[in-house]
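See structure below.
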Amino acid sequence: MTVTFLILAALTLAGTVAAMAMRNLIHCVLALTLGFAGLAALYLLLGAQFVGFTQVLVYVGAVAILAVFVIMMTQSAGPAMQPIFSSFWMTGSVVAAAVFVVLAWAICRSGFASQVLPPPVEAAVHPIGDALMHGYVLPLEIMGLLLTAAMIGAVVLAMHEKRRTP
Amino acid sequence: MTLSMFQAIDQIDQIFVTSQHRLVSDLPAEFQSISSAILSVIAIVLVFALLFAITTVLERKGLGRMQNRYGPNRVGPCGFFQPLADGVKSLTKEDLVPRTADQLVHFLAPVLLVMAAFLAYAVLPVGRNMVLVNLNAGVLYFFAVGSLVELAVFMAGWSSRNKYSLLGAMRAIAQMISYEVPLVLASIVVIMAAGSLSTVSIVDMQASYTGIWPHWFVFTPWGFAGFALFMIAATAESNRSPFDLPEGESEIIAGYYIEYSGFKFALFFLGEYLGMFATSAMAITLFLGGWAAPFSFLTWIPSYLWFFAKLVLLILIFIWIRGTLPRLRMDQLMSFAWQFMLPMTLLNLFVAGVWHFMPAGIVRWLVCIALLVAPAILLSRSLKQGKKFAVRHYRFAE
Amino acid sequence: MFGEGILKGLAETARNFFGSYVSKDRLTTVQFPEQRLPQIEAARNFPFLVYDGEDWQQGMRCVSCFICEKECPPKCIFIEKSTDKKPDAVGKPQFYPKVFNIDVSVCMSCQICVEVCPFDAIKMDVAFEHSTNNRFAGLLWDKKELAKPNEYYRQIHPIEAAAVDAALAEERAKVAAKAKAAADAKAAAIAAAAASTSVEVATEK
Amino acid sequence: MNPLTGYLLLSALIFSVGLAGALTRRSAILVLIGIELMLNAANLNFIAFWRYGPNPAALTGIMFAIFSISIAAAEAAVGLGIILAAYRHSQTTELDQMNSMKG
Amino acid sequence: MSTATEAIRIIPKSPGANDEGQWLEVSMGPQHPSTHGVFRMDVVLDGERIVKLKPVFGYLHRNHEKIAENESYLGSMPYTDRLDYFCSLTNNWAYALAVEKLAGIQVPERAEYIRIITAELTRFQNHACLIGFLTQDMGASGTPLMYAFREREKILDLFESLTGARMMCNYMRFGGCRVDLPAGWIEQARAAVASFPRFLDEFEQLLASNEILMARTQGVGVLSKEFAVNAGVSGPVLRASGVNYDVRKADKYGIYDRFAFKIPLGEHGDTYDRYMVRLLEMRESLKILELALRDIPAGPIVDPKTKIRGFRPKPGEAYAHIEAPKGDLGFYLISDGSSNPYRYRVRPPSLVNLTVLEELCIGHNVADVVVILGSIDIVMGEVDR
């Protein structure tokens, strides 16, 4: 429980809460990138360099920008005029709170809190590459297939539909 | 040469490293690492800000001479204090913010841009043992930080509440994303060859010699092609001519920083140039042997001087290209990225593999060159298909 | 094919880059406040009023004939005629301008006032550094600001001034000759009258 | 409280925030972002368990995180594509206005 | 709301249709850096593609024709300088030609030669600068423009030593020219003309075979032969579409019939043709200049019978036109016998050429609009008058 962890956790939480609660969608996405960056920093703190940088590259560099593009294309930027929460917001927040209570209870009741911790490790890039190319080569290939399928699917979905001549 | 001479050369080469150690060693142990990091950061900020100042003068004077003008020559000797005057001017100018702008985001955008640009320097080795952090995923870090720039550009374009700046930001993001793919793919060749993502070990691999010749990656067919592709993509990434559409003055005036003035505008300028230096420095690290001397008999010159010499050379090439070429159009830019750059970088990966598995000799050279040149010609042909353009001949009426 | 034209262009800019250091033909810029272009006989900027001799009011050539005021295309000249007369450049008694104003913020330096002036009184100046903080009164020039000596005119337009001077000298000589002739005639008449009276006296005697 | 518990609690918090957003917001884009946040919370768990687990050298947690990030990226791309397509049909991204099944 | 959001509004593509996004109306200008003056284009965009384009002008309107009807005939001469402020000498010539026709004045031979020399020098510098501006609009960071300005400087020096002003020359007079050539002018002009071919070679080397320039201009803004003729387009824009019409050949005004020169014609009518036709025309101008500077005779420069003050032509009307660098420039005058014209009318080539802008731009990208506009070669002083 270091100071660094507390600062980063606060930053991440602030980012995510703001992302879910702000009125302007663009502000939401910008706050979200803060949350993502905070998560990446937490990964670095945990010694997972490769995942941390991948997190920044994928989430900040791609997902956030993609979301921003979609917001601009659907013209939903700018402060919303109508209420931003749906009619059943009460139910939703109660469910979320309940989930949190259950999770927290489970974490605190479990044996983790009293566990003896192993010495810190660094995940070097080399072993990760080795693992991907040997032990995890089948999942990697499937992942490649999934990404290709997703790309084609996204392109097909976002493509202009054929002009229907009246 | 005696042993003491070698030692003297080594001392000059390592002068910054040793002096940093000396400065830090007096401090208590728990502050040593943090204060040495702060010292390095200060050094990086100062040196590259100074390089930015010098580059603005060089660019204006170089462009001027190419256009048969003098360029700035009034402030200081030969106009070299011009950036000082520019800095004073931009600091004293009124900072205008549009009334409808998103004040906070408008303010944060240039700060984020400059921050992201400076972050990239953390993994660039500017000399022997002169790198801020030797991350073992250094190259990945570099590209991850680079993707922050897109966010800063979007923030600037969107928060200004000006359609021209939004258009510029959208163009810039589309262009950066499109050219990031070939940029990364072009550098993967080197990662494949070096077997490491760490910038330091990539440079170390290139810093040895056969006879007098260095082992730079640019002196292989795939290395040269990779370098050329990387530089083209880097030109587009840093929004330089002929890919300067996001700020194309004649079309969308100044792109995403149209509503910025005073010091914030200067920050944008600084961020753009720092981005250009960073990508050039990455190209040097990956392909041009980083801080290594070009010939084995020149190793007595300090390593950091070699690094900056190479950097300035690349900057000069950027300036030269800017002085010559007109700008592409958006659709041409995109089709160039996806129809030429992407296939070529993928092919280059393949060629690097072929090079790796073929026995050394002239045959390997010929095969690899043929594998690269023939598709390049075919692809450039296909770029022109449908719209045949050529030099024309004209008829005259009496 | 692809890239050849770009390389040619790069070669051209490189040639110009180095050429600008060696060839004066390429680097044509004039570093203004220190260097100035040589004076050109035909150069023109804003008009001024020529005067002869030392005193600008006595020597003013303008006779306030209003031709320039009428012909000025943007109508930037304003003249008021005097009530008394003074000798003009050639020595004839003429009116002179009580007020002569040119609004140089309106003037378009077309030289038509100079062309139509029959008295060679208004000419084109070559001075061009006239910036001022006061854009209304500061650019409305009166008679005193407009008056420049004939020596100055000779300096800025030597060939033209020489021709004008020659013409004026001829004119002046003519007028002087005429005046002399008139004076002679008068003197002769007086002498004749005197002679006749003396003759009369003589005859009376 | 040891570090692992801190990470796990943070992850649970992020998960619930994402869930709350996904359940309560009207904008489809934000619902998607909420789901992304939940995925990220899971990632944090993976990494934390890898780091403080009994066998960090096995890299299993890292692998899970990497694949999870890839899946999240694919999901975001397809999801945003769907939102775009839906927007073309109904001219809105508000979920409770997309109530007509007629295309 | 900021001005930019007001300037751009989103309009539905067609009423009722809601599945294909919207059209965007963007206002380019009048403060846009590449509209060549205070010119505005209301552009309707479908993505980046132009659907509609409405040129809006009149920001520089200054009553040129009405002022001229209240000026003496000579008094309008300096105003014609300011029509197309790049080519004051050809404007002077067209106006002088109209007045000479009206009053039946003969021009001495030396004056005719001087007129041709100055007009061709004007054409040369106009085309050089136009090409510079065009490449500037394409983003060539000013290098070709600066080369053009370097050569233009030589021509402006010539103009200054002849007429006293660099741009607002006010040089032609009814029945000739205002002053004779100063001593050494012919030699200076010959030296300048001799240095121009090298400049043209450099220019071609720099850009003519540049792939980016070809990609940006070939097939962009195609003006068909028929449409060009129907729209009344003239000058290099018309000739780039392949129509052989040049007033210098068709009318043989002045003494153009004494000079052998050719007219370059384009085939495709696109921006690249308009660019190249101008480049080739510059070479032809140099041929005329060499001949004229060789053959110029001695003699008077102005018809001595023409009065400067109190010039009153007999009642009547006259129209004279010349091949100005931008196209067919005409002046129409009606005299009622008084000292100022009863009616004074200019046919400005820039305005007429501008009318085809929408047809050229439709279907192209926003970035092409500035290039097409640049290739039409307008000067707002002439369009708005």
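We call the chains A, B, C, D and E, going by the order they appear; numbering starts again at 1 in every chain.
The rule is short, and it goes like this: contacts are C-beta pairs under 8 Å (C-beta built on N, C-alpha and C of every residue); 3 or more make two chains touch, one makes a residue touch a chain.
The structure presented is a predicted model; accordingly, all values stated were derived computationally and were not measured.
Asks: Return the chains common to the contact lists of subunit C and subunit E.
Replies: Shared contacts of subunit C and subunit E: B.
Asks: For the pairs B-E and A-D, output the one whose chains share more C-beta pairs in contact.
Replies: By number of C-beta pairs in contact, A-D is the larger.
Asks: Please indicate which chain is farthest from subunit A, where distance is taken between mean Cα coordinates of the chains.
Replies: Taking each chain's C-alpha mean as its centre, the farthest from subunit A is C.
Asks: Need the central chain here, defined by C-alpha centroid distance to the all-chain C-alpha centroid.
Replies: Answer for the innermost chain: B.
Asks: Averaging over Cα atoms per chain, report the distance between subunit B and subunit D in Å.
Replies: It comes to 34 Å between the two C-alpha centres.
Asks: Find the geometric centre of each of subunit A and subunit D from their Cα atoms only, then give the gap between the two centres in Å, rounded to an integer.
Replies: Inter-chain centre distance comes to 5 Å.
Asks: For subunit A versus subunit C, what separation do you get between their C-alpha means, in angstrom?
Replies: So the centroids are 82 Å from each other.
Asks: Roughly how far is subunit A from subunit E, going centre to centre by Cα mean, in whole Å?
Replies: Comparing mean C-alpha positions, subunit E is 60 Å from subunit A.
Asks: If you look at subunit D, which of its residues touch at least two other chains?
Replies: In subunit D, residues 88 touch at least two other chains, as defined above.
Asks: Could you list which residues of subunit E touch at least two other chains?
Replies: Touching at least two other chains: 19, 143, 147, 150, 206-214.
Asks: Of all the residues in subunit B, which ones touch at least 2 other chains?
Replies: If we look for residues of subunit B contacting two or more partner chains, we find 66-69, 323-325, 384.
Asks: Touching residues of subunit B toward subunit C in the complex: what are they?
Replies: Subunit B reaches subunit C through residues 62, 65-70, 320-321, 323-325, 377, 380-381, 383-384.
Asks: Tell me, which parts of subunit A touch subunit B in their complex?
Replies: Residues of subunit A touching subunit B: 26-27, 30, 33, 49-50, 53-54, 56-57, 60-62, 64-65, 68-69, 72, 77, 122, 124-126.
Asks: Quick one: in the complex, what on subunit A touches subunit D?
Replies: Residues of subunit A touching subunit D: 1-2, 5, 9, 12-13, 16-17, 19-21, 25, 28-29, 32, 35-36, 39, 42-43, 46-48, 50-51, 54-55, 58-59, 62-63, 66-67, 69-71, 73-74, 76, 80, 82-89, 91-93, 95-97, 99-100, 103-104, 107-108, 112-115, 117-118, 120-121, 123, 127-128, 131-132, 136, 139, 143, 146-147, 149-151, 153-158, 161.
Asks: Which bits of subunit C are touching subunit E when the two form their complex?
Replies: Against subunit E, the touching part of subunit C is residues 2-6, 8-9, 11-13, 16, 25-26, 28, 40-44, 67, 71-73, 108-112, 115-116, 124.
Asks: Across the complex, what residues on subunit B touch subunit A?
Replies: Where subunit B meets subunit A, its residues are 102, 105, 135-137, 140-141, 143-148, 150-151, 154-155, 158, 166, 170, 173, 177, 180, 196-198.
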